[in-house]
Structures are given as C-alpha cells and as structure tokens.
C-alpha cells in the first residue's frame, strides 16, 4: 500500500473525529428552568473540553504527517499500528463528552477526568509505538537518512511527552480541574510556535 | 508539511461540518398534537438557519482555497492559525441548531441570534488573521508575486467584510430576525457571480 | 479553482451524507413491549428508504464525476451551482428519516412521501441546471469537444430523468408506497449495467 | 471513471463509518442510580463491539486497496458492486450498536448477535463478489498479470474467509458471547502480521 493512501485514510478519520466533537455541545433544553444565558455559562466545561480535544487532535494530525513524512513505503505492521492509533483517536469524542458531562454535574468527575487524560495518554503511547516501529524496526523503509542518535532523540522526546499526560491522569484523583488544565496547557504549548518540533507529542 | 495535505485536511473538516448541519433538522415527533404539515411549517427557522450556514460554509471553502492557492509551502504558524479557523467552523452546527431551536420557541432568541452571528464573526476574524499572516508575515512563502498595494487591498476588503457580521451580532438585541436576514443576505451576496472576488469573506 | 479540488470536496460531502444515512436506523428501545424480532420487522420502511437513498446518492456520485469529467477548469458559477446541488443532497438524510418514521406510523405519510420524492426531484433539477450551465453557458471550459447535438441530447435525457421523480412526488397523494416503489425502482434501474449512460439522472 | 476517484470515495465512506462507531458509546446518564464506575464497567459489550467493528472495518480498508490495486481502470459494474459493498459497511454502526445494547440487557441478544455477525458475513459476500468480478469477468481491466491459478487461489481464500462468519452467525443461537468472540478473534487474526495475506477477508 502506498503512503499516500495511508495518509488520506488517516486524514479522513482525523477530520471526522475532530468535527464530530461538536455533537458533544448540546443545545440547552427549551424547558430548562433557567435562562439560556445561565445554561450556556453553566456549560463551560463542555467548551473547555471541546477546545482542548480539538487542538490536541489537530496537533496529532500535524505530528502524524511529520512521522509518515519520513516513510518511503508502508508494510502490514505499520497499517495495523496506525489503525490502533486511529482507534484511540476515534474514542476521543466519547471521552470528551464524558469529561464535560460529569464535570458539569460534579459527580463521578474524578473518574471521568482520569478517562479523559487516560485517552490522551493511550493515544500518545500508540503514537510512540508506531513512531518507534517506523524509526527502528523498519528503518529500511525510511525515505531520508537519520543517524541512530537522531532517531533515539526523536523517540526520547516522544517518551518525555507521555509524562504530562500520565501526571494529568494521576492527578484526576486530586481534582478534575487540574487534569483539564494540564491537558489544555499541553495543547496550547504544542500549538505555540516555540514547540513546533514535530515529535513533542 | 505540503500545502496539498493542509488543503485535504481542511476540505475534510469543512465537508463533514457542512454535512453535519442536517442533523439539526429533526424529524417532528410522531406524538405531536399537530399535523405533520403544521409541524414542518413551524420549523422554518431551522430551514433558514440550515441554508444560511450551508452556503456560508460553502463560500468559506471557496475563499479558503483562494487564500491557500497563493501559498507555495506552509509553516507551523499557518497550520495552527488554520486549526483555529477550522475550530470556529466546527462549532457552526451547534450555533445553527441553537439559533433555530430558540427562534422557534421565541425564548432566549436574542442571545441565540447573537451567538449565531457572533460565530460567523469569529470565523471571519480567524480567516482575516490567517490571510494577513500569509500575505505579510510570511510573504516569502507566497507562490506568486503580489505588490504591497495588492496585499493591502485584499486585507482591507477582508476587514470590511467583518462589518456586516458585527452589525448582525449587535442587532440581535433589536430582533433575531434582522440578524438571520443579514446573515442570509450576506451568504446569498457572496454566492452571486458579482461578488466572486475571493476575499469578500 | 482546480477541478480536482471541486471533486474532492464534493466527494467528501457525498461520502459523509451517504454514511450519515445509517443514523436514521435507530436501535429499537429495550423497553419495547414487543420482541426485538417484531420491532425489527416493523422497521422495514427504514430499510427500504435507507437502501433507496444510499443507492440514489451513489448513482448521483457516479453521474457527478461523469459531468465534471468533461470540464477542464471551473468558474465561480459552477462552484455555486455545485454548492446548491450539494445542499440538496445534504438534506437527504433528513428526508429519508422523515419518510421512514411517518410511513411506519401510518400518519402524515402522504406528505412525508411527497417531501422524500420531492427532495430527489429538487436534487435532479439542481443537477440538470449545473449540467446545462457546464455544457452550454460555459462550453469554452469543456475539456473535450462535444457537438451541439450531443450536448442537447445529454440535457434532454437529464430532463426526461426528472419525469419519474415528479410522478413519484405527485403520486404520494394516492399512496406513499407507490412513491417509495418508484424511487427504489429508479435507483435499481440506474444501478443496472444497461442504464450506465451517465446522464440518466 | 478513474480508479483514484473510486478509491477516494470508498476511503471517505470507510473513514466516516469507522469514526461514526464512537456514537454508539453513549455517556452514562447522570441520573443513573449506580456510580459512574459501575455504569462504565457494565458497558463492556459496547467496548468489545466497538473494537471488533473498528478493526474489522480497518482490515476491510486494507484489503479493499489490495483488491483495487490490481485494477488499471473501472467500469459501471465495478462501481455498482463497490456501492453495494459500501452499503453493507455503512450499516455496521447500526449492527454494532444493536449488538451492544441488547447484549448489555440480556434481551433479544441471540437475534442481535445473529444480525451483527450476519452483517460481517454480508459484507464479506459483497467483497467476494466484487473481487471475483474484478479477477475474472473483467480480467482485461487488470493492471498486472495474474495466472488463472493465482486468481482462483485468491477467490478460494476469500471464500474460505466466509466460513467463520457463517459459523459466528449460526452460533448466535447457542450464545451471543461465542459470536462476539469469533468476530473479535477474526479481527485480531487478520490484524496480526502472520495473516497479512490481503485476501483473507
């Protein structure tokens, strides 16, 4: 299978997943006892989770292309590892909705936050696994020459990128707001020009 | 990252967002005390908001390509500004649904209309920001030569294009029908052959 | 704007619209007083409308490419007429759901059927309008030479293709089952190898 | 119609269908009498069905490209057979949701499992039909030379691939858990490197 086809399919799944996030922003029911303004303000965790997830998926899209950009061709293992990565991205609309709903009601919010950050962590692990496979196990498929040192450095940075998500997951036991803040700050950090090194995620 | 890839992903998000708008048109409940004909007529704000949003996203798609068509290559800032533009387009199915639902019930409709036109305004601001970055800060990435004057003229027209949306947002305090009318007329105006200058939005 | 880009965006909208149709097939509620088998059989109008709409959109996709395949480049009018065609395709998941729900309950089913067939009719009219514009008003954009006679013949067949949908819409006053049958037979007819002339729709 | 266009549209439908699967994972209602943890654990059939369907569609995507990769050009019959294949893939989000909902409630779960595995079986039959048409009826469209023997061998393996799905469908009468297990094991088997022969499905 050509690399282009793999990119096109991955782009499709990412584009659908990122756009489906909007379905989590539900129109407040007309029958609500409060004013629309009150209801919309009360929904702030939904907006925070939406923006965080949207930017995170967008960053993953950018990094995904940097990763595949090094490939000359693909093999079955790359296709399957990529499928697992897409699977972990595909569940983000659910994790985002879960986080927002339960944070809003202050009920079960610690578990919801753990699942939210845990989904990002899982996605990062699948990303690291695929990246590692491409850079080492399948180095002969690479289109451009990278020294052993350069490749180790890329993986190391990817590995360091897991730590904040592991922290965000663990700290959900303390407060879901800390979890959401870490995830949002990470998304903003990777979006900033300074962090444009493509392997941060 | 190649320009093609950026276009393909943006096209994907726009295609999904424009098609998801249909989910806002809900089948009237069978248990309604009225006839189907009555219920369907009563839903007219939904159709008006649907057509307005659909054509507006379609126009943005046309303008988006005119904007990217001038680029030879992309950089991290363009990717991130484009992501923010996509984010503002991604929320349009929500804003459209909110507008239609609350206009139908004549309740909270002023705020809903302000959010509806405000979403278009926000989208236009992100569009202007990205366009400005491409034309000035990153002029060396441009594929075709444009004089300083031509570039200023494009941005000026983009800036003028913000005014009607700002007006539509402000006038929601008077009547949400005025807001919806302005947004619809704008969409129709940009769709007409006369307004085919690609930077109107 | 290049033709490829127009095709890619149209393909995206068609692919999303055709796949969103599945959301109309709702899982029967667990709390139903009937068995699952009974409930699933009772949903047959949903399956009939799903298959009819799916194949019809698929045929439109095939014909859309035959139509654009004759173009060398596009202009603003083509983009806007194509957008109106996509708009009429975008509402098909709603029309399909409306048809299925009201046919199932034998309530308001004549109107629902009229809207269902009327949506196909509207789509065919937009298709004809775009095709006519491409073949005549913009003949200089055509990539391949077609005689005046050949072009008239294509439009004439497109026009004849409207008649069965007009008939299906009108006959909804008699019976919605006739309407659904005509729409299904048309979809099957165009899918059959014999009707592979690309302008039938 | 060019092969590329057929692949792009098919990729689009597959990408949307695989991503829509997430809509089946519903956020547990806040009003539930149980804790969130209990509710999420109770939803395990949803996760199992999600992962199984996601990987199965992913494998079909891989095999679909292997199948089309042999083609040089397409014809009307290939387009229509491919449309039927897409139709059978398009209903998988419904079949997945049906399976998960009814397995969770231990009600009507035998029928739901039969429909679930039966959908995979139907998809495999359409895949085999299209593959057979490409390899034999339309051998002159093939881009690469394959001996009669090689083509027979591909079809034979495709045919053998139907057996486990037929078995999974039949065994739903015994236990829906057996059905789900067979479908999951099949997905995992085809994903494993050893089974990378592209015609297994």
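First chain written, first letter: the chains are A, B, C and D, and each begins at residue 1.
Criterion: a contact is a pair of C-beta atoms (placed from the backbone, for glycine too) under 8 Å apart; a residue touches a chain by one contact, two chains touch by 3 or more.
All values derive from a computational prediction rather than experimental measurement.
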Practice task
Can you grab the rotation angle between chain C and chain D? Superpose on CA, round to the nearest 5°.
Solution key: 90
Handout entry: Equivalent interface positions on chain A and chain D, same or different at half
Key = different
Problem - Euclidean distance of C-alpha centroids - chain A vs chain B, Å - result: 26
Completion exercise
In whole angstrom, the CA-centroid distance of chain B from chain D equals 37
Problem - Junction residues of chain C, two or more chains touched - result: 8, 12, 15-16, 20, 23
Exercise for the section: Going by the contact rule at the top, pick out the chain B residues touching chain C in the complex. Expected result: 7-8, 11-12, 14-16, 18-23, 25, 27, 30, 35-37, 40, 50-51, 54-55, 58, 61-62, 65-66, 69, 191-193, 196
Handout entry: Complex contacts: residues of chain D adjacent to chain C
Key = 1, 5, 8-9, 12-13, 15-17, 20, 23, 76-77, 79-80, 83, 86-87, 90-91, 93-94, 97-98, 101-102, 105, 107-108, 111-112, 115
